[in-house]
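Heads up, there are several structures right after this.
Here chain A shows up in two complexes: once beside chain B, once beside chain C.
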Partner chain A sequence: MALGAGPPIALEFPEMHTFLQGTVGGLLIGGTYALIALGLNIIFGTVRVINFAQGTLLMVGMFMTYWLWALGGVHPYLSPVVTVPLLFGFGYLVQKSLVAPLFARERAREPMSVLLLTLGLALLLENLALLLFAADFKTVQLDISLRTFRVGGIIVSVPRFIGLIAAGVTGAGLYLFFTRTDIGRAIRATGQDREVARLMGIDDFRVYNVSFGLSASLMGIAAAILVPFFYVHPAVGTSFLLKAFVIVVLGGMGSMPGAALGGLIVGVIEGVVGVYVQAAVAQIVLFGLFVGILLVRPTGLLGVERR
Partner chain B sequence: MTFGFAGTLVRGNAPKEGVMEKQRGTVLLAAWLVSAMFALCFVFAPVLAAFAAEEVVIGILSPLTGPAAKFGQLQRNALTMAAEDVNNAGGIKSMGGAKIRLVFGDTRGEADIGVTETERLITKEKAHALIGAFQSGVAFPASAVAERYQIPWMTDGTVDKITERGFKYVFRAHSNDSIKGATLVDGIIALSKRFTPIKSAVIFSENTEWGKSVGDKQKNFLERHGVKVHYVEHYPYASADLTSMIVKAKGLQPELVIANSYLGDALLITRQMSEQELRPTVYAAGGGGHLQPDFLKGAGKLSEGLLAATNWAPAVGKSVPWIKRENDRFMARFGTPLAEDSARYYQSFQVIVDALERSGTTSPKALRDAIAATNITDINHKAMMVPYKQLKFDETGQNPNATAMVVQVQGPEYRLVYPDYVAEPDAKPIWPYPQSK
Partner chain C sequence: MSPPEKIVGWVLGGLVVLAVALIPLLTRWLLPDDNYWIQILIWILFFAYLSASWNLIGGFAGQYSIGHSALIGIGAYTSSLLHINAGLSPWLGMLLGGVVAAAVGGLIGYPCFRLRGAFFSLVTIAFAEMLRVGTELTDTVFGIEVNGVRGLLLPVLGHRPAAFQFVDKRYYYYTMLGMLLVVLAVGSAVKRSRLGYYLAAIGDDEEAVASLGVDPARAKLLAMILSGFFTAIGGTFYAQFILFITPTRTMSLDFSVQMVIMAVLGGMGTVLGPVYGAIILVPIAEITRAFWGGSLQGVHLIINGALLMVVILYWPQGIEGWVRRWAEGLVRRIAARVSPPPVVEAVMAANAPVMVLPEGTLLPTRAISGNGEPLLVVRNLSRQFGGAIGVRDLTLEVRSGEVVGLIGPNGAGKTTVFNLITGYLTPDTGNIWLAGTDLTRLGPHAINQLGVARTFQIVRPFIKLTTLENVMVATLPRVKGVAEARKEAERYLAFVGLSHRANVVAGGLSTGERKRLELARALATRPRLLLLDEATGGVDQRSLPGLVALIQKVRKEGVTLVLIEHNLRVVTMVADRLVMLHLGEKIAEGTPEVVVSDPQVVEIYVGGAGAHR
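Showing the complex of A and B:
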């Protein structure tokens, strides 16, 4: 639907209008989904570990963003200046001091203990948050929180739109990082083949530290996007983590463009199925897709088969 | 791959010895500590028991962590205060001043955990009576465990069928979904007769036990009043986004939107309704999250004019002074007023205390019979925290005289607007929902 094709068309084709509104709503949140899935994929792509604490790191980022706003009056959109380096440091340390020793101890290439460690970390952080901040639902009230604009009769939420743009910019930045910088290339090389990368002189454990840090720092950006229109709660990560798993499998495990595409697709499926059938059915479709892709095309849409 | 394997092997083996050494030391120390503690327990337990009078153990099932932890923590606070009051006043008098000890089980809001926690409270903690579990989806299976062990269970949770399984040990002092749904609909219809008619409605209901039960009840009551209910949508609990559900409803232009949600979803739905310009004449809620003080903070001006069904509101204290005093004490100590569910937990606890005083024993059968024989009509009795004409139990275990109320968000608080006998005289109903203008 073009610009300016407003109410008259909406009346003529109410179905079309609803469809577009559902699609747009899905795309808007899909960008944020993609960002969280990207975080999951960076770790999976290099460290080859499924990080169950990804949602919890998002929660940590959201609490930081909230407190920066509540105590320091920092606008959530400025908070990444603080949260991104802090989360990077946190992720770096988690990998260096918790995950790396397990890697050093275990014989397996993808040790089960690391997976359990991330799960333990998630539970630890969630319960710590409950202890520190209680189970209150915290919300940030901003001028733009409820603001919307219209494009051809389609309502677009301003904070969600900003979120989509920010996710896009972050994705583009990551692309440049992975293709143009030494450390970025080193991360990809390690992801492709750890042993060869090590033979080429790449310090794989340092690469892991950076990957983990990078993945955690992305949650700072996702938090800045979400906080203006969502709520903050110790269990908030759960709502997003499951979707991130679906996205990672859909787009391809370890594939960055796959995560971006998968995020948008999942958002749109939610939006469209939710409009025509039910939000609950959309979840069934998503998790059905999850199982189906694992069975039929385990590499996902853009994943590469690994030796 | 073989190559990689060898690499990790070499890397992995070297530090392993040292780690093992260290672990052995830690294990030994831990084992020593544990045995020491056991020894101490054996020495002191009989001594302690000799000094203490008989003790009553009441098990509390609440979501102390997880998405609904906010509710669970208030429930724990309410009962902590109530139990301290009983103990400070000399315990259960008919049992020689037996003290009450509360033991808490954290359900995390999940049915399977609720069931295992119930088992634990009964078998390990030896609870004499239980209260739980806030979420009906948890209370439903967990109360069946209590029934199996024949331990009295005071239900918190509104799903009707919890007390409709022919159980002997399961009771509910407060109103169920049918009563609550009927009260909300009656209230809306009564107000609409004073203002503008309601012809059609859409109901959003979260997809766990409570939402599923209450949504369909409301639909039936609305249809009985001639309101066309387009549909009841059971959306996924703790959703990340609900744009599509709101957009779909908007296409139908309903005059009434009812949401049955826990807090996170309540905030999301309220905000997304505003974003997507879904503007009903009446925005109402079955209870749950819409009744939490945090909802008012989070939804801000969007909450103004919301109508909600509740078992209880602090404003009840305006007509029953002791309830106001009790709520003020609670507020002074914990910083927030009691809410509907914490008031219900308080009530259930007092029903058990009342039964203990009459039975004079913690024997499950006698205690169960005493609860079944409850008959309280004195509004100043502590079990009347949620006040009714009469508190008693029918053969299913439900209090047939339980009633619900309708509150409306007006400024920073919930004001009682229906039924007329509890309505605050100075609370003038807001109509329509201000966002619809």
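Showing the complex of A and C:
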């Protein structure tokens, strides 16, 4: 039964309305998921390692954003001016001083121990944050935080909508960076064939450093998007990281368009399953999808097998 | 080790176990109330056990599972639910839980193990988190009370050994000690078995293992099944010890990470490493908990995280090597005192060559024939990478007993051809036959088993194994036992002239020696067809004639050869026939003299440089 001046879609197809609400909600958060997965894929695509500290870097970005707001009154949407360069430097240093030595030592193309190293880094940073900031759920209350608007009866949260736009703009910016700049092209070339890239005069370790920095700095943007409507907590990175894993496998390990597509798909699945059953069940559905993709198409939807 | 050293080693080991077994008696005698201390000792044994179980797949095979807590949860819940609902003794439930976890471990491992490294880590962590969330949300399954996030309280029965419940903690201590000894014994047996050699090699270089006729996915799957079984049994112990299980605790990321860190610190892939890791890290966690307990949680995790990074960066071999060298020194000193080695033997041992085998023993190849039948037939083979062409419409025949040289400039598709023949790549179109058997869709290990061996452009020895062990990985699949595999491997090392380097870790070999080692390894699979990818590439001028002579020696043994070679002088000397590739297509074929004077070939090799200007 529709109440009052209900929207036309809801009047005629209440089921359709629920479905659309779930889809839109999923798309809105999916953009941010895609951004985090992009961060993982920039590193996987070039350095060919998994960064287990990606979620933790997001957490660090969120705390920086939070404190900038709480102590300095900086609006979260302005915080990337500070967080992006800081995180870039941090990521750059992590690769240069921690990951690169492992490459040199193991003489392996894809040293697996990087996975354990970044796991250690994640543990360290996450529990350091727990020690410093306690296990409280911190939230930032802005005048837009709870604001919504309606499109054809679908409720759209304003900060989430802004987030999707911002993620889209960031993605477009990355696309231009990778296709139009020398360093962007160098990163792509190294990802395709590092030996040949090296022969062409590309300093592959510098490319790795920049990739790590770039990937970390993206977490500053993701943090700015999330903080207006998401809690800040030392363990906030883990759930985002796990979703990002699902996304990169779904979209294709190392594929940038794959991360974007996968992020939106995962967001929508989560949104739709969330409105029908409950959000936590969505996680189980996502895992099923994850294993299914690994079995049927391990290269992912848009992944390309490499030489 | 000499026999007296072995005896001393066993006696010392036995004494250590005895001492560990006596600790609870000592604490009872020394302390008025030793419950707390016994509990800590039990945790040390428990984590040593868990970490040793993880090590079977994580350390031995280098497949880092970050979701082993899911298996703990499966064990704890299986035995507890069976106990509460069906009255089944946890002793039996424990085995069932182990079987369930082994099956689940196999199921999540199966899709990942066909892929490389990182996927497995991603899947295990995702699986553990989702199983945890799923259990937290589940109150009943088919009418069985699971009780979601609140967890299960096991009925307290007092001292009931048949139901795996004790009042005196010492019983748990001895139970766990027994379990730990079992898992260590299993680890030690695996390590010395065929599977152990495969796993160690897989940890170094999985693709190279497949080229030796070993199915890496199968070896990893076996290790995962073993690991899952023992991990789940640890879960039952946990449930019976605490008598209260929640998904949040038993399936926690914390448990998973602890297992990893203890094994890494102790020494990954070693039998005893996890024990040392637990001896150090459990007390650290206890101390920080005692000092900063409620107010500052997670201090021990900060330490763990930092330790994990430091150990990976600066001390990747962990504690074990250090303890082992010390223990071996002790054993030697004691053995020398108990029974000094006879002088003559000692001198002989010092001067003995590592192996006395005539070089150039006949290789027992499968098909020693030069009858000119077509052995390898390649028809219309094509393969693209994205939009780029790797190989286009290649047709090729290699007759048995022949030596064919594959030449062409960089990027001509030579290595791609090898990768297609040996199953490292699948062709888009076309077919490959070996003596009438279609190889086109087979995997690398299956193709090797049919008689095709290869070497790699950039040599890929298993750098952590010794030279001899490297070759053993290739002989193990086709002989009865490890001892026989060793004897076989020695023959191949002698053939390539590396006997004197048998016990050197392969990471310490020179490039020329590595090339020889890889050749020995490939030959040890008894190929009918051997593909050599730049057998002389990157080798210094002095080693070159020796390698060329070796290739000719291989040929005399009747092995059919295809070589990729940049050095035209070498290839015209060795090959009967040359095939020239350019941009993925065959542009010339024939005797070396004909091909080398082909105007197109000359144009590409010589004129090509001119075209750049």
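Keep this in mind: the second predicted complex is superposed on the first by the 297 of 307 C-alpha atoms of A that agree within 3 Å, B and C clash if a C-alpha of one lies under 4 Å from a C-alpha of the other, contacts with A are read in each partner's own complex, and residues count from 1 in each chain.
The rule is simple: a contact is a pair of C-beta atoms (placed from the backbone, for glycine too) under 8 Å apart; a residue touches a chain by one contact, two chains touch by 3 or more.
Because the structure is predicted, anything quoted here is derived from the model rather than measured.
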Superposition on chain A - do chain B and chain C clash or fit
clash
Which of chain B and chain C A:Asn127 touches, first, second, both or neither
both
With both complexes superposed on chain A, which partner does A:Ala197 reach: first (chain B), second (chain C), both or neither?
neither
Examine A:Thr139 and indicate which partner it touches, taking first as chain B and second as chain C; both and neither are also allowed.
first
Please indicate which partner A:Ala280 is in contact with in the superposed arrangement: first for chain B, second for chain C, both, or neither.
both
Does the superposition put A:Thr238 against chain B (first), chain C (second), both, or neither?
both
First (chain B), second (chain C), both or neither: which does A:Gly22 touch?
first
Quick check for you: in the superposed arrangement, does A:Leu102 touch first (chain B), second (chain C), both or neither?
second
Is A:Ser157 touching anything from chain B or chain C once the two structures are fitted on A? First, second, both or neither.
first
For A:Val49, decide between first (touching chain B), second (touching chain C), both and neither.
second
Chain C has the stretches 96-104, 240-248 or 582-590; which one runs into chain B?
240-248
What part of chain A is shared between its chain B contacts and its chain C contacts?
105, 107, 126-127, 130, 135, 238, 278, 280, 283, 307
Residue positions on chain B within touch of chain A in the complex are 1, 3-5, 7-9, 11-12, 15-16, 19, 65-73, 207, 233-236, 238-245, 247-248, 251, 263-264, 267-268, 271, 274-277, 292, 294-295, 297-298, 300, 302
Contacting residues of chain C [partner chain A, same complex]:
62, 64, 66, 108, 111-112, 114-119, 121-123, 125-127, 129-130, 133-134, 136-137, 253, 257, 260-261, 264, 296-299, 301-302, 304-309, 312-313, 316, 385-386, 390, 416, 463
Could you list, by residue number, the parts of chain A that touch chain B in their complex?
14, 18, 21-22, 25-26, 28-29, 33, 103-109, 126-127, 130, 134-139, 141, 145-146, 148, 155, 157, 194-195, 198, 229-231, 233-236, 238-240, 243, 267, 270-276, 278-280, 282-283, 307
Partner chain C, residues of chain A touching it in the complex
44, 49-50, 52, 98, 101-102, 105, 107, 110, 112-113, 115-117, 119-128, 130-131, 135, 238, 242, 245-246, 249, 253, 278, 280-281, 283-284, 286-287, 290-291, 294-295, 298, 304-307
